[in-house]
Every structure is written in structure tokens, then in C-alpha cells.
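Each structure below appears as C-alpha cells.
What follows is a pair of complexes built around subunit A, which joins subunit B in one and subunit C in the other.
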Partner chain A sequence: MIKQKQKISILAYSFLLPALAMILIFKLYPIILVTKESLFKVSYLSGTKVFVGINNYMDLFCDSSFWNSVWVTLKLNLLINPVQLVIAIIMGMLININHKGKMIYRFLFFIPLGVSLAVTTIYWSIIFRPGNGVMNYLLNGLGFPTQPFFNSASQAMWIIIGIASWKGCSFWMLFVLAGLKNIPKEIYEAAEVEGVGSLSSFIFITLPMLSKTLLFILVSDICANFMLFIPIFMITHGGPDSSTNVLMYQAYRTSMINGDMGHGMAMIVSLMILLSIVIAAQFKLFKDNE
Partner chain B sequence: MNRKHNKRNIVIYHLLSILFSLIFVLPILWALIASFRPEINIFQGISPLSFKVLSFFPFTLDNYIGVFKNEVFSKALLNTFFVATTTVIIGVIINAFAGFSFATMDFYGKKVLFSIVVASFLVPGDLLVIPTYNLIDSMGLIDTKIALILPLLGNGMVIFMFIQFFSQIPKALSEAAVIDGASYRQILIIIYAPLTIPTIIGASLIMFLAQWEAFLWPLVVSRSINNGMIQLALSTFTQQYGTLWGLKLAASSLLCFIPLIILMPLQKYYISSIASSAIKG
Partner chain C sequence: MKNFKFLKVLTALFLIAVTISPLFANGQKETENKESLRTIKIFAYQFRNDDNRTQHMADAYMKSHPDVKIEIEEYPWDSYFQNLEVRFNAENPDFDVVIMDIPMIANYAERGFLKDLSKYIPQDTFEDKIAQKSLADVIYKNQIVAAPMQNSDQYLFINTDMAKEAGVTLPSVVVDNNTNITSDFAKKWGDSAWTWEKTVAAAKKMTKDLDNDGITDVYGLHIEQAGRLYQLQPLGGSLGGSIVAPDGMTVKGYLDQEPWYKAIQFYSDLFNKDKVEVPGSFIPGYDAPKEFVNGSFAMMVGGGWNIKMIMENPNINVAIAAHPYFKDGISTTPTGSWVIGASASVPDEKMDLVSDFISWWTLTDEGSELWYDTNGELPASKYMLNKLSTNEKYSQFPRSAQRLGVYQVMNTAQGRPVTPFYPFINEGFDKAFTNAAQGVDPTKALNDAINEIEKNIQRVK
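After this line comes the complex of A and B, so read on.
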């Protein structure tokens, strides 16, 4: 019997080994690697690595462009995540309603799932073209002046938010939909018998019953949007006036374009810490509310 | 009174749904239609806005022919299919085995090993692209297809999906088989494999889309056109003297419709597997 158990254990480990090895090497080891590399500096002259301790971090903390990137990352996330969450809830509720046309709407709401963020960015950059784009023509037709859109430091981030949300909301909608399907119908029926209105049944039944799903969406969405890169890389390059220069883009530019690995790695570590703090705060808030 | 109220709700429902639908469909539809027009007619009908904006005429297939003749794009398309298919095949197998092991077997250190999976779940994909680049560099794999495939093989979410699936199957089923003298391999092949097809389809779609949409990782790790990936190849149509919009829109449309054609008939598997990983998490 013991021998058989051992045999099963060996089998279990051999089943686990390939996948866990891949995760350990390519998902978890890079965390150690980035932390280690952030303590080194590559000398330009000899190309050798020199241990500099926390100097890379000290440089960043004295650099106003780093703090700008931190602020831009936080600001982007403060704006984009509530927007996406609310739209995802609305979309999920809409296609959860049993009504004529449901299948068509469902089909159309799923479309962005197949469209990559790069293609989304191309489409919306055409629509929001600063000079003669579609949006400007519509605005002119409605009597508004031509807008600079992503050539303007105050508007660029909103365009980025719009692009990322167009792609993102359908995805998060799937989770809302799954959460809604998990709420027993009897609760709504009982509420209806009691004469509870649809708005109060939404506030007092749907939202509390969805709270776990919503926390999951919010945390995953924050993780995704802290890494938001493609529209910034493709359209604004962090500008204008560094107004969309998120930490991820700044880290990419520092390490891959300027070849300054030490500072780039220190930025990634900072991003990691920032993200952990934000997510820990989310969980704490959620627990306190429960 | 109640009836009137209902009618108003239905109108709001349709208005909102149509609004969302239009926002989702119009850009894709416009790009698709415009991609069948010659370069000088791409932006026709935009200002002033007219029905011509959604007209196939003057009709041409030149953009699509041009896209496939473009070396960078056509190579990237083939590369992406190769890389994505390889990732799906190897990835589904190794993650399914890991999920099976977690769900059905007891072994020493299970909790610790499981926490590795959970931890990987919490690390967002693109966060560690730059240290992963250093890692791949130290392995001497920069600008290879292996470098594109390796980091996307182990997938915590897919393991989670398989754990969910395998733990739903009653243990009695495999216990009965063990009593009958079946080996674990036989149990896996005869009992579990047929039941697992929906999960395999869902996992395949997730892993395929991950490679299809890969951007930052190939941007960092690929150098030559021989290892180019599709999303980055779009930039080949933006050149120093301007953008070749016809080609760019044709390429973008292909990039939308290939995954949509794959995704649409299989959407229920995709949705249920995504949902299953969320509900327990």
C-alpha cells in the first residue's frame, strides 16, 4: 500500500514537473532576477556589471520624470478601472436580460474579444486623428471646435483610456455575466413579490451578490492596466509633455531603447511594489466592508 | 401604469444595446469595407460625412494581394500560426497534466506547489518582460522562435481551469477503475480524455489568443523578420513617407477576422472556461 502511494507520488510529480518548471523559470524567477539586476549598473566603457546597491533607486527618487511616471500610472488607473468596471457591469446586465434580440447583441458585444489591442489602437487613432479625423468632423458638425486629441496633454490620456476600454470591457463583461448567472433567480422572485423595485433590487441584491466577482475583475483589471503599453507605444510615445508616460513605457524605454538596464529594472521593481500596495489595499477594503 | 413602465424599460434596453453595438461594430466594419477600396478612396465620405464612407466601391482586392505579397507581413503570419499552434499543443498538454495531478492525486508538498500556481496567476503577463529578456539572453535564445514560445507555455489560469474540471469528476469513477485494475494512464485516456474536450478547447483558445495578440514580448525579443510576429508586422505599413492605409486596413481586418472566425463558433467553450476560473478565484 505504501509502495503504491509512493508510486502515485512519483507519478504526480512527473505530471507536475513540466508546467511548474515553466512557471518557476519564466514567471517567478524573473522576479528574483529583476530585483537582483536593479542593484547593478552596466559600465558603458567596459560593459561589465558593477554592484551599486540601492544607487539606482536613489537616482530614480531624485528624478522628477520618475515621479511623473508614477503619478501618470496611478492617475490612469484611478480613471480607467472604475470606467471599465461600470461599463462591464452595464454590458453584462444588458446581455443577461432575456429579450428579443438578445443573441444579436450578445454576438456584437463579443466582437472586441477577437480584436487585438494593436488593431484597436489603429482604428481609434484614425477616428481621433487630430486634424481631419472622423470624430473632429462629427464635433464640427455638432458645432464644436476641432480638438487636438492625442496632441494635447489634457486629452491624450482620455483617448488612451477609451482605446483600452473598448477592448477591455467585453472581456470583463464575461466575468460579470458568469457572476450574474450564479445568482439564484428565487431571490429576485422573492423581492418582486415583496414589491422591491428594480433599482433597489440591483443595489441590494445584485451588487452584494456580485461583490466577489467584482473584486476579482477590479484586481485583474488593475493588473492589466498597470501594464498598459500598446496604445502609448503606438500613438503618444509617452507624450505630449510626458502626460501619458506610464511607468511601464518609461521602463521599456530606459532599458530597451537607452540600454540602461539598471535603472529600467529599478523601475520595474517600483512598479511591482506599487501594484502590490494597490492590490493589497483593494483586498483590505473588501474585507473591511464584508 | 406597470405596462407603460415596462415599455419604457424595453426602449432603454434596446437603445443602450444598440449604442454599444454600434461603438463595437462600426470601426471594424468601416476598416473592413475601406480595405476593399483603392488607396486614394480609403478616406472617402468622411468629411463631409456621406454614405460613401461605408461603400465597397470603387472595389479592389489590391490591398489584400499587397498584404500577402509583403514579405514582413506574410512571414509574420506564418510565424504566428506556427508559434501559436506549438504553444497550444505543448501548453495544453503540460498544463492539463499539472491540473490533473493537483485535482486527483495526493502527494507531499501539494500546498506549496499549488501556491506556486497561484503566485504565477498574480503576476501580470507583461510586467516581467524585461528581466525575462535578460534570462532568454543568458540562454542565448534572443531572436528565436523558442524564445517566443517558452515563456507562454506554463499558464496558471489554464492549470486552474483543468483543476476545476478534473475535481468536478467524481472520484468514484477513477476509484472504480483502479479496482478494476486500470492504470492511471488508462484512467486518463479512457475516462477523462473524452470528458475534457470542452476544457481543452477553452484552454486552446486562451493560449492561441495570447500568442496571436502578443506584442511587447516579440517587440523585445525578436529582431529579424524570420521571427516577426503578426501584431508588430502591422507597423511595416507605416513608412517614412507616410502610411499605406489600404494595406494597413487590409492587414488589420485579417488580424480581426481570423481570430473571430475561430472564436465565434467556439465562444461557449471560451466563455465557460474563463468563467470557471473566475468563480472559484
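After this line comes the complex of A and C, so read on.
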């Protein structure tokens, strides 16, 4: 019996082996490398790489650009995640409820899923080009003044949020939709018999029944948006005046453009720790909720 | 049942084999080593228009050296330096020859990424074959760390139809498709350059809202590489400013001086006060030369690499004027371009081949002429500079226009800072000028950048 069990587990582990090897090589190993690199410093003048322990991390504490990037990353996440979650719920509801325009909504909401974030970014950069971009012509036609968009420290972040949400909301909507489909119709029918209105059934039935799905979306969305990079890399380069300089981009700039690998890798490890704290807090919330 | 068991064991063995097989994939190492000594791997910038220029040179070299194999790995501008940075930092960058932008070489050399070419090619040969200013730019700490492939030049392109319509009188000496360009002409042309003050006045006249809807349809002026050090250095340079100390160790006392505050204020005013510059040009991917020929703006300060495309476009009439300078300043122009070097990782037994290839491309008459004919950008070799100035073959426009570039190299060219900290300086400079153009107070933008540059220099010193 034990032998039989061992044989089965060998086969089971051999099936897991390729996937585990991939995780080890492409996920775990880079994390180890990044952490190792963050403990070294390259001296430009001697050309040597020296072990500096946690000095790169200590430097980060005194680095105002780093703290600005932490703040920008947190600000972006505080704004973008609730926006994406609420819109994804509304979109999911519009597709789930039976009404005449359901097919049109379904068609429109699924379009962003077929377009890559890079292509989306290019479209949005054309629409919101400062000066004579498409949006300025539209605004002007409606009697509004010309807007600086990506040239404005107060507007650029919102457009980045728009780009990421245009695609993100459609993606998260799929999970909302799956969650909505899992709520038994009988509950709504019973509520209807009891005279419960639409708003009340949404608040007291739909939202509680969706809570697990929504927590999953929130965790995944925060992970994705903490590492948001493409629109910033392709359009703003962290500007204007560092208003979109998220931690991911600051780390990329420090290590890949300036060649200061140790400092850049310390930022990546810090981002990883920050993200782990946020996720741990959410799992705690998830557990308490259960 | 037995067959099923056998199948299970086979599946398990197969999956284990697939997983661990890469660990044993070095069986052919010895043969590969012998072959690799006759293979040159080039890490190359994908030159404009993606027309396989590097491949063309490689093919010519392989034709005369049939036992040599050349492999090229190309990347476009947007991702070139990032990829190169990653590869240089790898244990083995896996290339022998590398094409680099000239201001980066001090940094690469300082970090031990490049071979000293003068160990393999006599310094006299470099001095005989390469223009003095170009050679000076590739010498770092008495080592020749790269060989100059070409140079660069800058012009003021003016849409003559728009100028006429706006009542703008062109500089007294300009170049069009029919101009016969000689060395004497180049001097007169250089002397007739507009001041920046005149250029802005003309740009204001040419900035138009064609349908009176409150949106500018045609801007007066655009500097091709928006916010970048290469093209904006002449603003401070014209007022006598230097960016970095002669030893390359600090920008304090240089970039924080009056000429640079004036320069950044001037650049900010183009966008925010005079409103003659294109506000959307900071978005990566903005194709300034194409926008110019499409009529989005009336004048462009741009590189000599645009001459052919702009002047041969049938839809636009353009005059080429000399690069502007400030009224109370001197005329300075950007210079420097791509260079070619050898990776420090190349084994000594392979350096003869690698240095021969670099020497053939940049120092021989045959190689430098073939490169110029293929690439068409201002040469760095003495042989080609001389031939370009005097030979009948290059007397026809637009090639002849590069005689103006020769004039710039000899008279107004000002190289970028030679310092291992160039990446920090370049990034800080770009950020300051971009922020200023986007509405941040110019003095604050420059001060913030200087502080960040100094902080970064101190950290990696």
C-alpha cells in the first residue's frame, strides 16, 4: 500500500516538476539575484563591485526621489484600485442583467481585452496629445479651453489611471461576471417576493455574495497596479515634475539607464516588501471576513 | 495493467528528462570555441530607416575574409542603451564588437567594459586617419576606448512657403536644392546664421491658428530632440556655459551658472511664454522630421541626417540655414555620434580579428568610404572629410550639403561632457529642461536636477 502511494506521488511530482522548475528559474532565482545585487555597489571610479551590506537600503532612506516615488505609487494605487473595482462591478452588472442593450455593452466592454496595454497607450497618447491632440479639438468644440494633459503635473496621473483602467476594468469585469453567475437566482426571486427593491437586493444580496470575488480582484489589482510601468515608460517618463514617477519606473531608471544596479535593485526589493505587506494585510482581511 | 504501469514510469522519466536536460547541453563546447574565434558578434544600434546598414558592412568584410562569420544583434534607439546596460553587466555580455553613443564611452570605459584599442592598433594610425576633434572624444585616461564611425551636424530647416506667407525674410545665405556648396560658401553661410532672438521673432510670425478655433495648427519652431542634452547644450554653450568640471567629477560651479539659467529660461519661454514650440513633442514616438514635412511647424532645428528626406520631399520647399546662436554669445553646434569599440570580455587570441574589423570599418579608406556611402552621415575619417569637401562624386545636393557639416566640425562643434557620470548628467539635464518646458519654474527645475546629479555622483564615486 505504501509502495503504491509512493509510486503515485512520484508520478504526481514528476508532473509538477516542469512547472516547479519554471517557477524556480523564472520567479525565485531572479528574486534571489535581485536581493543579492542590492547588497553590492559598483564604484564608477575603481570599476569594482563591493559588498556594502544594507548600505543601499540606508541610502534609500535619505533619497528624496525614492520617497517621492513611494508616495506617487501609493497615491496611484489609492486612486486607481477603487475606481477600477467600482467600474468593473458596474460593467459586470450591466452585462449580467437582462435588458435590450446587453449585447452592445458586452461588445463594447470586451474590446479592451483584445488590445495590448502598449497599443492602448499609443492610442491614448494620440488622443491626449498636448496642444493639438484629438481630445483638445473635442473640448474646444464643446467650448472648453485647451488642456495640457501629459504636460501637466496635475493631469498626467489621471490620464495614466485612465489608460490602465480602460484595459483593467474590462479584465476585472470578467471575474465580477463569473461571481455574479454563481449567485443562485432563487435568492433574488425570494427577495422579490418579499418586496425587496433593486438597490436593497444589490446591497444585501449581491455585494455580500460577491465579497470573496471582490477581495480576490482587489488583491490582484493592487499587485498589477503596484507594478504599473508601460504607460509611464511609453509616455511620461515619470514626469512632469516627477508626478508619475512610480517606484517601478524609478527603479528601472536607476538601474537600466543610470547603471546604478545596487541602488535600483534595493528599490525593487523595497517594492517587493511594500507589496507583500499590502497583500498580507488583505489576506488577513480576507480571513477575518471568512 | 502492466502497460499502464509502464506508461506511468515512462511519463515520469520523460518529464524528469525534459526538466533536467538543459543542464547537460554543453557537449559541443570545444567545436563551438574554435568556431567562435573566427566569429565576430556585433551589438549594434539599428540605424535610422532600418535599412541593414551594419549588415551591409558585415557582408563586405566577410566577402574579403571568407573564413570570418559575423553575427549582428540590433536594437532600436528606444531600447538600445537599456539593453546594452543589461548586457554589459552580465557575466558574459556575449558580443565582441559594440556600437555606442560617444558620450557614454567614458562611463563604459571607467567601469571596465571596453578594451583599450591602442594596444592593438597603433595610436599613430588613429592620428593619421581620424579627424583630431573626433579622436579627442574617444580618448579616455590616455586610452583609445573606441573608434569614431561618424559625426553629426545641426541645421535650421525653414519652410520657405510658410516664411513667405508670414512675411519672414530668410537669413542672407541659405541652402536649397540648387545651391553649389563650396568651402568658401560654407563660411559665408555660417556667418549669416540668425540669432535665437531673430529665430523666435520669425517663429512668432509663423505660428498660426488657421481656423481661429483657439488651437494652434502650425507652430513656429521645434527643436528636434525635445528636452535632450545633445541638442540643447548649444543654448548654454552659446552663452559661454560648460556643463561639467574639466575633471568630470562635478556639475557644481558649471551647470549652476548664469548661462544655464538663461538657457533654461529661454527654452521654457519657447513653450510657455512665446508659445512657438510644439507642446506635444515630449511624448516618445513624436516623429519631428515627418511632422515638419507634414507642415505641423514652420522651422526645425535638426540633424544633418534629415537633409535627404526633407529636401527630396516634393510637397515642401525648404531652405537650410546655419544653427542659431544668442545675440551676445558665440555660435556653437552639437557634435559627436556613434563609435565602435571592443568588449573587455573578448579573449586576447581573438583581439587581432576584432581589431582588424574595427580598423577596416573606421580607419581604412575602403571601409570608411563604404560606410559613408551606405550610411550617408557626416564622416569622422580624414580621408572621407577631404573627399567629401573636394571630390566631384559628392558635389551634388543633398550630399554636398554635408560640406556645411565639415564647416561646423572645424568651427563651431562643441562635444558633450566627457565624464563617467554622463548618464546621471544626461538624465538630470533632460529632466530639468523637460520640466521647465512643461511649466515648472525653470530655476527650480535646474536646481533640483543639479542636486539630484550631485547626489547620484557622490553615491557611485
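Note that the second predicted complex is superposed on the first by the 274 of 290 C-alpha atoms of A that agree within 3 Å, B and C clash if a C-alpha of one lies under 4 Å from a C-alpha of the other, contacts with A are read in each partner's own complex, and residues count from 1 in each chain.
Heads up, the rule we're going with is that contacts are C-beta pairs under 8 Å (C-beta built on N, C-alpha and C of every residue); 3 or more make two chains touch, one makes a residue touch a chain.
Source: prediction; values computed, not measured.
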| item | value |
| --- | --- |
| Partner chain in contact with A:207 - subunit B first, subunit C second, else both or neither | neither |
| Which superposed partner A:114 touches (first subunit B, second subunit C, both, neither) | first |
| Winner by number of subunit A residues touched, once subunit B and subunit C are compared | B |
| Which of subunit B and subunit C A:41 touches, first, second, both or neither | second |
| Contacts of A:137 with subunit B and subunit C, given as first, second, both or neither | both |
| First (subunit B), second (subunit C), both or neither touched by A:54 | neither |
| Which superposed partner A:263 touches (first subunit B, second subunit C, both, neither) | second |
| Partner chain(s) touched by A:122 [first = subunit B, second = subunit C, both, neither] | both |
| Contacts of A:235 with subunit B and subunit C, given as first, second, both or neither | second |
| Partner chain in contact with A:273 - subunit B first, subunit C second, else both or neither | neither |
| Shared contact residues on subunit A - subunit B and subunit C | 11, 15, 18, 21, 122, 132, 137, 141, 234, 252, 255-256, 261 |
| Residues of subunit A defined as touching subunit C within the complex | 7, 10-11, 14-15, 17-18, 21, 41-45, 47, 59, 63, 65, 122, 125, 129-133, 136-137, 140-141, 145-146, 148, 150-153, 234-235, 237, 239-241, 252-253, 255-261, 263 |
| Contact footprint of subunit B on subunit A as seen in their complex | 5, 8-9, 11-13, 15-16, 18-31, 33-34, 37, 90-91, 94-95, 97, 99, 101, 104-105, 107-120, 122-124, 126-127, 132, 134, 137-138, 141, 166, 170, 174-175, 177-179, 181-182, 198, 213, 216, 223-224, 226-227, 229-230, 233-234, 248, 251-252, 255-256, 261, 264-265, 268, 271-272, 275, 279 |
| Subunit B residues within the subunit A interface of the complex | 9-10, 13-14, 16-17, 20-21, 23-25, 27-28, 30-31, 46-49, 94-95, 97-98, 100-102, 105-108, 113, 116-117, 119-120, 122-135, 150-151, 153-156, 159, 184, 212-213, 215-216, 219-220, 231-232, 234-235, 248, 252, 255-257, 259-260, 263-264, 267, 270-271, 274-275, 278-279, 281 |
| Touch list for subunit C against partner subunit A, complex | 8, 11-13, 15-16, 18-19, 81-82, 85-86, 89, 107, 110-112, 213-217, 219, 278-280, 282-285, 420-421, 423-424, 427, 431, 434-435, 437-440, 445, 452, 455-456, 459-461 |
